[in-house]
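Which chain is which? They are A, B, C and D, in the order written, and residues in each are numbered from 1.
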Amino acid sequence: MRIGFFLREAFRALSRSAAPSLAAMLTILITALVLGVFIPVVQATTGTANEVRSRVVVDVYVKDGASDADKAALRARIEQLPNVGSLQYISKDQALAQMKKKNAQAFALLGSNPLPDSFRITPRDPGGVNAIADSLRTNPPAALDDVRNRRRDTDRILSATGLVKLVTAGLAALFLIASIALVANTIRLSIFARRREVEVMRLVGATNWFIRWPFVIEGMLVGLMGGTLAVLLLLIGKETFVDPLAHRFALLAAPSTISFTLLAVLLLVACVAVSAIGSGVTLRRFLRV
Amino acid sequence: MPGGSREQGLARQRRDVPVVAFRDVTKVYDGGSVGLEKVSLEIGRGEFVFLVGPTGCGKSTCVRLLMKEIDADAGEILISGHELSTMPRKKVPKLRRNVGVVFQDFKLLPNRTVYDNVAYSLQVIGESRESIRRKVPDILRLVGLSTKLHNYPDQLSGGEQQRVSIARAFVNHPPLLIADEPTGNLDPETSIGIMQLIYRINRTGTTVVVATHDREMVDKMRRRVIELREGRLMRDQTGGMYSEEESTVEFAARLRKELGIGSDAHREHRDHASPLITP
Amino acid sequence: MPGGSREQGLARQRRDVPVVAFRDVTKVYDGGSVGLEKVSLEIGRGEFVFLVGPTGCGKSTCVRLLMKEIDADAGEILISGHELSTMPRKKVPKLRRNVGVVFQDFKLLPNRTVYDNVAYSLQVIGESRESIRRKVPDILRLVGLSTKLHNYPDQLSGGEQQRVSIARAFVNHPPLLIADEPTGNLDPETSIGIMQLIYRINRTGTTVVVATHDREMVDKMRRRVIELREGRLMRDQTGGMYSEEESTVEFAARLRKELGIGSDAHREHRDHASPLITP
Amino acid sequence: MRIGFFLREAFRALSRSAAPSLAAMLTILITALVLGVFIPVVQATTGTANEVRSRVVVDVYVKDGASDADKAALRARIEQLPNVGSLQYISKDQALAQMKKKNAQAFALLGSNPLPDSFRITPRDPGGVNAIADSLRTNPPAALDDVRNRRRDTDRILSATGLVKLVTAGLAALFLIASIALVANTIRLSIFARRREVEVMRLVGATNWFIRWPFVIEGMLVGLMGGTLAVLLLLIGKETFVDPLAHRFALLAAPSTISFTLLAVLLLVACVAVSAIGSGVTLRRFLRV
């Protein structure tokens, strides 16, 4: 019976004091929409940055004519290193084939194969790539001819992707905090517009929770409606813009982003929670009559 | 909470504990306005008390103190023996449910109809829906608002709003009823109806405090009168001349006679008009 | 806009044009409540008119129609010959500046002090700051609020708020003054002071309409009385027995005598008390 | 005198009905802050994308032993093409030197120079790069040996940068609209909380503009305060986070972004304008008494 009463009260408030509730809903709708667009973008960006970082490698050239035992020792030495993700042996023939594919003209007239055998190390953490190279250079094994980690290129890649990740993470944090603050702020104001009502309820003998529950339920309804509308708009946007575009940009490796269903559920839960908690907490100030 | 236990809350007290007791109560508002100054008084169970005095003398301050809407600066206020200043915040709603108040400025909920405004008083004490559906139309008929059930407060005249406030204060039969200027916006005929209603409620054992400017009504009702002036208690007198056993019908008839108002609206109209037609 | 031109706005009209004219005015609210039904009346320049009737009879509806706060459903309302229903929205503020209204629910600005609430009435007509600084304390002294200049409305008693509303309606000397229940929250002594003030204003040529339930005051004032009942005009009578030349002091003295109230607060206290002491 | 009155009124409203004004200010502060962070990021991203796009080139290889006249004809033909931004002649010696720099080992043992002379075209609009190649391929001049525009790489670069530009532009538009909507919404609500006041003012005979001006001025003050706070926070953020980081990421070519002063001025003007206009427009609804 109580829950029925609170629900009816919440619906009454929604329909009678429509303006403040509508404003709260609009704020939730907008922030959820922005977040719903932004979250996949952040994920895609971070995913791409990580993908680029994973291309950072260390090439270890083997001395021409090194014995198989020396090569095995070199391999063992490399495998012992920390932070080695995967290790690939590239024979001089494979290397030439690759080169020719990349630059046919330059290698077309080549008589002999000038390229050495090599190991290609993909580090587990791209940030530690220079450490791998340095550790091999100090006290080099017999078979080692040269270590190449294209320090300039690597540094630039790491630097750029690091910056991208940092900026997107910063933006994401900023937006999340801003969204919560904006929603809380609007809810606060929408309850402020009805503070006289709350005061009268107190004077008539209503307990704090008796007053609060309808507001909290109203907050949940407002959050649910705002969130649902946002999800619907996102769905429409996805169907009409993103999916056709995805086709156009099919050449790119699409980094995996959150599934739409999960995103929708997350947004809805967040909207309802922030709105309900915001309502409940804000009321406290006006319940001290 | 079941409807019955409320009344018991106060009824459990010893019979001779006054319902309201002020002991040297002083209230000075921020800014230095004196609300009350060293006021002491006691109101016993079942009494009918008028609170009079010029505007700004502290009548509404008394009401607000009794509701614990504001706290006294000095002195003690006891309701059925409970000290208000030491009452924990959590118990305040229970206090307020036991005190029905007609506010001077009505304090209706703007987003609720007349019906729902009155029903709210019953909802806060957990009354069942059936009992609410029975009681609310009853009390609204008593104050003469049965045709305005579904109006919102801003769709009512001043007097109608006042009567909604009265109905809300009465509906859950509180053991203490405080009415702050309950007839200020009412015509004489309706005022008498309301006073008759309050009298009837008083006769069922409810303690009643009425703050008013209606000097004539106070004179004619012959009840105890407490007069304030600039926050000080000036007078606390018991009329004493009325028969305790006067029925509400006799009471209304006497009031009408003494105030010179006919008992039905049409007669009243003629009577009311007469002093202006024939000097 | 200079202060003088306002009054001229109405004064320019021919002398015999009634200040207020209702011609078969009908107002039915959404929901079917009848506010007014086919009411016709005329109020001439300088008249003093009481508007009486039971609660919900349409008094405040009349006031709201005169302010063009709401529009009539049928019939014509003319103020100094100007039809309200055809008046362009832009001219409404000018109309309202020429009509001082004491609202039944006061309608004070909650974020302004007493002083600023009254000053606002002068600010809207572009009065200079010096003149505001002169006039506002004057009128507030007249209504007895000189000690509450810097209180906000929620720091005032009901009667004090009512007097602020009265002061605001008076301060810019409008040619038409409408008071809706101006003494509902005031004690008899203060009421007489206010009625005396209204009488004085009327004697300077201002047309005055007072909606009230104070039957006694109406009887004793012996002015024209318009009675409404359920939205219909029931009575429109001129008292006729008062001397037009009664001074305000004489007027107040007579009222006090007839209402049995002493002229100073202390005497009033004793007089007021007597009926309860000696039967 | 009037202006003084309106100003006093606005300040009174700010100090007495502080809660709604504060809420409006908070919303302005937050949205301005988010925009203030987001605008430079958008600019940097777009700038970087453009920079990457500008690396898209078409290499036109000249037939070995083509006559000078033929070469000149080829050059003239290229220069006639639309969308040619800059044209660079690379002799076979220059080409070899570049190659050696990039991959010393592979070219170290080379006897003769296998590379041809070439022209490098940088298109004005990178999007039209394939059109240039195609137009040269159809009806090729005598000296033309081969046209290389690395179609796969080019397409990927164009596609990726195009997506980046599209997404950032979309996000920027979304945020701008969302910000304005959020601010307008809050202002609407903050004036809604004071609608009774406005109605009373109307009843006392105030004209619409007499009521509106203080609200508009208050809106400007609120916007100014919110904007100023946002700019201050941005400045602090810039000094403590961005500037030290910029040092760390100095390896990257920093794309030029809006100057902080210009950004601050833009934000302030936008805050004040949106807030003032919002106040003025919202009032209209409550001025119909």
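Everything that follows uses one rule, which is that a contact is a pair of C-beta atoms (placed from the backbone, for glycine too) under 8 Å apart; a residue touches a chain by one contact, two chains touch by 3 or more.
Nothing here was measured: the structure is a model prediction, and the numbers come from that model.
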| item | value |
| --- | --- |
| Count of contact steps on the shortest path from chain A to chain C | 2 |
| Where chain B and chain C overlap in contact partners, by chain label | none |
| Most widely separated chain from chain D, with each centre as the mean of CA atoms | B |
| Chain A-chain B separation of Cα centroids, rounded to whole Å | 64 |
| Rounded Å distance, chain B centre to chain D centre (Cα mean) | 68 |
| Whole-Å gap between the CA centroids of chain A and chain D | 22 |
| Residue numbers of chain C (touch at least two other chains) | none |
| Contacts with 2+ other chains: residues of chain D | none |
| Topology of the chain contact graph, where touching chains are joined (line, ring, star, complete, other) | ring |
| Listing of all chain pairs that touch each other, if any do | A-B, A-D, B-C, C-D |
| Contact set on chain B toward chain A in their complex | 67, 69, 93-97, 101, 103, 107-112, 116, 120-121, 123-125, 128-129, 168 |
| Chain C - residues contacting chain B, complex | 29, 31, 33, 52-56, 59-60, 104-105, 148, 150-151, 155, 157-160, 162-163, 180-181, 184-190, 213, 215-216, 218-219, 222, 225, 227, 229, 234-235, 237, 239, 241, 265, 269, 272-273, 275-277, 279 |
| Contacting residues of chain D [partner chain A, same complex] | 19-20, 23, 26-27, 30-31, 33-34, 37-38, 41, 61, 99, 105-110, 112, 114-116, 155-156, 159-160, 162-163, 166-167, 170-171, 174-175, 178, 181-182, 185-186, 188-190, 192-193, 245, 248-249, 251-252 |
| Complex interface listing, chain A residues touching chain B | 1, 5, 12-13, 16-17, 194, 196-197, 200-208, 210, 289 |
